[in-house]
Every structure is written in structure tokens, then in C-alpha cells.
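Have a look at the structure that comes next, please.
When the chains are written out, they are named A, B and C in that same order, and each has its own residue count from 1.
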Amino acid sequence: MAPVVHFHAAVALAGRFPALAGVDLSLNPGEVVVVVGANGAGKTSLLRACAGLLPVTSGEASVLGVDLTTDHTTVRRHVGLLGHAAPLYDELSAAENVRFSTRALGLPTAVADAALERLGLVGRLRSTPAGRLSAGQRRRVALAALVARRPALWLLDEPHAGLDAPSRSLLGELIAEASAEGAAVLLSSHEPSLSVPLADRVATMGGGRIVSDEPGGRRPALSAVPAPNTKRDAGTMGSWHVA
Amino acid sequence: MSTHSEELGTSPRWLTVVGLLGLVALGFTVWLGLWITPPDQVQGNLARLLYIHPPIATVALYWAGGVALAGSLLYLWPRTRSFFWDRLAASAVEVGAVFAALTCVTGSIWGRPAWGAWWTWDARLTSSALLFILEVGYLALRRVPADPHLRARRSAIAALLIALDVPIVHFSVDWWQTLHQGGTVLDPGFNLHVHGSMAWTFLLGFIAFSLLFVWLLGVRYRIEALQDQLCDRELEVSLSDRWREGTELAGVGAAGPTEPDGGAA
Amino acid sequence: MWRDAVLVAGKDLRIEARSRVALWQVVPFAVLVLVLLSFAIGPDTAPLHHAAPGIFWIAVLFSTVLATQRSVAIESGDGTRDGLRLSGIDPGGIFLGKAAAVALQLLVLQLVLWAGVTFLLGVRVHVVWLALVASLLATVGLACAGVLYGALSAGLRVRETLLPLLVLPVLAPVLLAGSKAWQAALEGNAHAGADWLRILIPFAVIYLVVGTVLYGPLQEAA
């Protein structure tokens, strides 16, 4: 059974700067891993490298079975990245933005609409141009686009930032659902109190490397994983958009 | 990741030899061209520019352009990808730009007595001028600071596009001129009857400028390579700093994920 | 790829419809260029008539630069550039979609300029089909070359100054051929004008193909 993410001694450069200086990390389907660390430790770079946006120049790095050192474009449509900046077109409404995202994968409009509803983006919120939404609302639109595409790997960069309390608990639910259906979730966070309870494991990053990897606060009953780092059955990958 | 496989010392012997040979050949060309050879029957002394203008133009377009194109293609092709080709292409474009400008200048000097104006929109000269501008654009693009891989890739594609554009421009401008003049091509220069000492001098000029091109290319390449080597050193330093940063954190690791180092979370 | 192109073109055009930048900024700019060049060349009608095709096409060329800048600027936020790369849309499709959107805007712009030239410079197009075909072909070439060079300079902060320097020399053949074709159209000399289409057609085809192929690698290089 293949891990969703497998990095070993991975190095990635941002310009001349070694953003990732030898990362060792593995994620299995259904696992939720939180990455913590100081500013500049490389958390965002790690997420971007997993998404295939930051080329890995040396070491081993594979996502969903694809070797990132040789091909970093194929995985992109199969992962969902929620970065700091929401990928929204300001002149288009929330609905139009999410529909663009789903139509890019050939999914029907109903999927986009369902995701918008799930994220509570209804009524006037749906049709307001994205440029006029608050930062938290924009986050929710970006999240709706991600949810609608049902990726096999979720990459969330400080997802709690800018979200109000109801949205945060909704995020927790969405992550739990995704993990239950076999997607792997990697998120970075500055707020351990919110993120550690969601996670199977907590990895600490420093200087472009993972310096510690410890069990998280997720209770076994929710994840059905008896202990951290146990390999899971590939059968749970069924409903998610892989390949 | 280093962009180099070997260290660079002082200028290699062969390059210095080429440079000296080129200068000597140029010296002979000037001497022969200005003093020894006879003036042309039709154009008089003006024809002496023949010894330098066509060679310069050939270098600008074919030598420099050819090396730049080949280097760019070889860089983009995965199997032959190496920063050597990137540096070579960039050096060729820069040297080529200088030669393109010289083509315009020598052509203009020729044109003044022959046509009565410093510049006429002669097809060849206009193409050279546009080539010069295109190459300046490439150099401007290359100056933008970026990761070496990105810069190399972007420059290589830009060079390909320039190579694509040069024939289009040349063809269009040529047509523009010929149709404008109703079919006759005004081309006073290159229909000269070259014979005897003029032929030898012409050949010598050709050789001289080709050698000088190789020399300038080599020198420019070295400068580029040395700059890259400097950057590589800086990269090694920052890589080891980053490694140390991580190792220190691992030592402090007992603090755990709830207390990330550096506070300002 | 074609479906993706339609998707991207639709997105770009919808954004344009909402923001109306082309309508309120690019078109007025083109007319402004027309007027300024007329100031420089006129007020005698004879030189203006003579220069009319050139004036038209210079205005179109400069407007192409603006329209291209705008097309690139749609994805200027970090989020949207990443978003497009992550979307799964074929890069060739992105290129074709963006070029189609720019081309459409340029065509509308040329209609306005045509009216401007007729009205302000007092010239009349006698061979309408020639002017139309030349404009159409030129527009395809301009849009494709523009979007391609836009991609080349996309990620750079100096894009505003670099893009004109990079793309205008490349567009020179279109200026040449377009002016000559329009001159023939104004003079009623269809046969001579049609010759110039022989530059416009390959230019359009070449940049259409090259752009579709190179847009993907350029997205990565930005």
C-alpha cells in the first residue's frame, strides 16, 4: 500500500534559498498530520512542494505515487491546496469562482453548488463579487472549491487563520470527513490548541527539516486507526478523486 | 545544488591565444585594407568597409545567433541540460548584440556617402537594428533576479522566440523595401567584383572577426561562470546555516510542538 | 484542450465585462494615440491621408500591449496564478482561451478605430474585404504573440516596462504588413494588398502554434 506522501531528504530551493533542507515525512491515506514551527521554518514550502508548485531538486519525494523530482505537474489536479492567498478572481462571485474550479475538472455544476451550501455560502454571499468579501469569507470560498474537487491529498496552510468559530468547527468536521473517506490531510498551524486535536500526528519543522514527529490529539474512535503510523488498507481510497 | 562541476582558475591558455591571433589578424586586415589594397573602381575608398562590415554582420547573425540558439535548445533538452549551455547562450546573445550594433554603425558609415543619409531603411540594416533591440530585450529579461533554473529556462525560451522572429522580421522588411521600390533592389555594396589582394583581405577580415567573436564569447562566458560560482558559494553558506538552525531546534526539541521556537506565532 | 480554452476565455471575458477595463481604458487610449499622432503629422490632410494606415496600426499595436498586460494582470495575485496551475486546466487551453479573449477585445477596438480613422482623418476604405481579412489575421497574430510574451514576463515585478520592450519588436512585421494591406484597401488596390496577407497568415499560424506549445513551460518558468 502506497503512502500518499513520501519525502526523504528532500531539498527544495526558493531562488537560492534552501526552503526545504532535507525533509523526511510520510503520510498514509486517511492520516491527518499537523506541521508546526516558527515563521520561516519551511511549512508553507513543504505544502507547496507537495502540491507540485515548488520543485524538489534532490532527495526522494513522491505524492500519490508520482515522483516529484521528475514530474511535478501531474499531481496538481489531484491535490487541494488552501494557501495564504485565496485563489479567487475578485470580479467573479463566490459561485462563479467555485464553478470555474469544478468545471476545470469536468465536474457538474451541482457539485459546486453543494459545496457552497456546505460551507454556508448561500443567498447574497454566493453572488457577491469575491473582491468584496471579507478575508474569512474568501477563505470559505476557497475551501468550498477545494471540497468540491474532492482531492486525495489536502494541503492546508494555516487554515484556521481568519475563520470565525463556527467556520473553524466546520473545518474540523470537513477534515474528519475527508480523512474518514481516505484522503490524507497535511496542515500547518500556528495554533496548536485548534489543530492538534484534529491530528493523528504532529510534526515540528525547523530550518527546512522535520525535527520531531509525535502523536497528535486525535482520539482513535474518530479515525479508526489503532495507533499512529500504522499502515491502512488501500480500499478506503474508493470515493476520492485519484488517478 | 551547485551549477558547476569544476573550479575556475585563471583564463585558459587557448582563449588567450585565440584572442591574440584575432587581434593580429585584425591588425593585418586594417593594414591591408587601408593601405595595401587598391580602391575599388566604382566606389573608391568606400569599398574598404567591405572588409569589416559583412564579416561583422555575419558574426552577429550567424555565429552569435547560431550559438545562442543551439545553447538554448541544448539547455531545454532534458538529456543535455546543463548550465554550461545556458551561460554560453547568454554570452552569445550579449556578444551578438554588440556585433549587431556594430553592423548598424558600419552600415550607416557606408551609407552616408553612398546614399546621402546616415540611415535608410535598407532591409539588411533594419533587420540588424531589430535584431539588436530583440537581443537587448533578452538581456533585460536576464537581468531580472531569479533562481538560476528559472532564469535559464526563461532565457532559453526567449532566445528560441527571438530565433523564430528573426526570419519573420527579415522577410517582412525585405519585402517592404523591395515592394516599395517597385522591384529593384538597391544594393550597391555586395556586388563588388572582388579580386586579387582584395579577396585575400576580405577573407582575412572574416577570419579576424570570427576569432574575435570566439575570444569575446570565451571571456564573457568566464565572467558569467565566475559570477555563478560566487553565488554557489553563497548558497553553500546559507544551506549550512539552515542546517544548523534545524539541528539546534532538534536539540531544544524537548519543548515540543506547543512551544515553537522563535515565539512570534 | 479546446473545452478548457472556452472555459478560460469565458472567465477572462466575464471578468472584463464586470470590470470594463478594456472599454473604459484601452479603447480611449487607442483613440488618444490616434489623435496624438494626428497632431504630430497634421493638420494638412494630405500627409494625414498618407499616414492613416500607419496611424491605425500603431494605435492597435500599443493597445495590444495594454490588453496583454491586462490579461496577465488578471492572474497577478499569488493566489490566482497558483490556482490556475493547480486547476488541472491544460496550459495550451489556457493560452488559447486568453488569446481568444484578447483577440475579441482587439477586434472591437479596431472597429472603433476604423470609425475614428474614417471620421477624424477623412479616409474611406474601398476594399472592405481586404481590410477585414487583414485585421482579422493580424489580430490573431497580435493576440497570440502578446499572450505568449505576457507569459514570459508574467511573474516579474518589472513586467510593466519589460513587456513592451520584448513584444513590440516582435509585432513589427504585423505593423508592416497591416499598414501596407490597409493602404491598399484605402487606395482600392486589392491585388497589391492581398500580397501582404502572405506575411500575416504565417505570423498568425506560427504564434498560435508556438504559444500553445510553449505556454506550459513558461508557466513553470515564471
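As a convention for this text, a contact is a pair of C-beta atoms (placed from the backbone, for glycine too) under 8 Å apart; a residue touches a chain by one contact, two chains touch by 3 or more.
The structure displayed is predicted, hence computed values, not measured ones.
Q: Return the chains shared as contacts by chain A and chain C, ordered by label.
A: B
Q: Among all other chains, pick the one whose mean CA position is farthest from the mean CA position of chain C.
A: A
Q: Find the most central chain, measuring centrality by the gap between its CA centroid and the centroid of all protein CA atoms shown.
A: Taking the mean of all protein C-alpha atoms as reference, the closest chain is C.
Q: What whole-number Å value describes the gap between the mean CA coordinates of chain A and chain C?
A: 40
Q: Where the centres are mean C-alpha positions, what is the separation of chain A from chain B, in Å?
A: Whole-Å distance between the two chain centres: 46.
Q: From the C-alpha centre of chain B to that of chain C, how far is it in Å?
A: That gives a centre separation of 30 Å.
Q: Among all residues of chain C, which ones touch two or more of the remaining chains?
A: Only 220 qualify.
Q: Spell out the part of chain B that touches chain C in their complex, as residue ranges.
A: Listed in rising order, the residues of chain B that touch chain C are 76, 130, 133-134, 136-137, 140-141, 144, 150, 153-154, 157-158, 160-161, 164-165, 168-169, 171-173, 175-176, 179.
Q: Give every residue of chain C touching chain B within the complex, in rising order.
A: 148-149, 152-153, 156, 158, 162, 165-166, 169-170, 172-173, 176-177, 180, 192, 195, 199, 202-203, 206, 210, 214, 217-218, 220-222
Q: Which residues of chain A touch chain B once you look at their complex with the stated criterion?
A: Answer in residue numbers: 11, 13-18, 21-22, 34, 36-41, 55, 57-58, 190-192, 196, 202, 204, 206-209, 211-212, 214.
Q: Which of the residues in chain A end up touching chain C in this complex?
A: By the definition above, chain A touches chain C via 51, 53, 73, 76-77, 79, 81, 83-89, 91-92, 96, 100-101, 103-105, 129, 142.
Q: What part of chain B is in contact with chain A in the complex they form?
A: The touching residues are 1, 145-149, 231, 234-235, 238-239, 242-250, 253, 256-258, 260-265.
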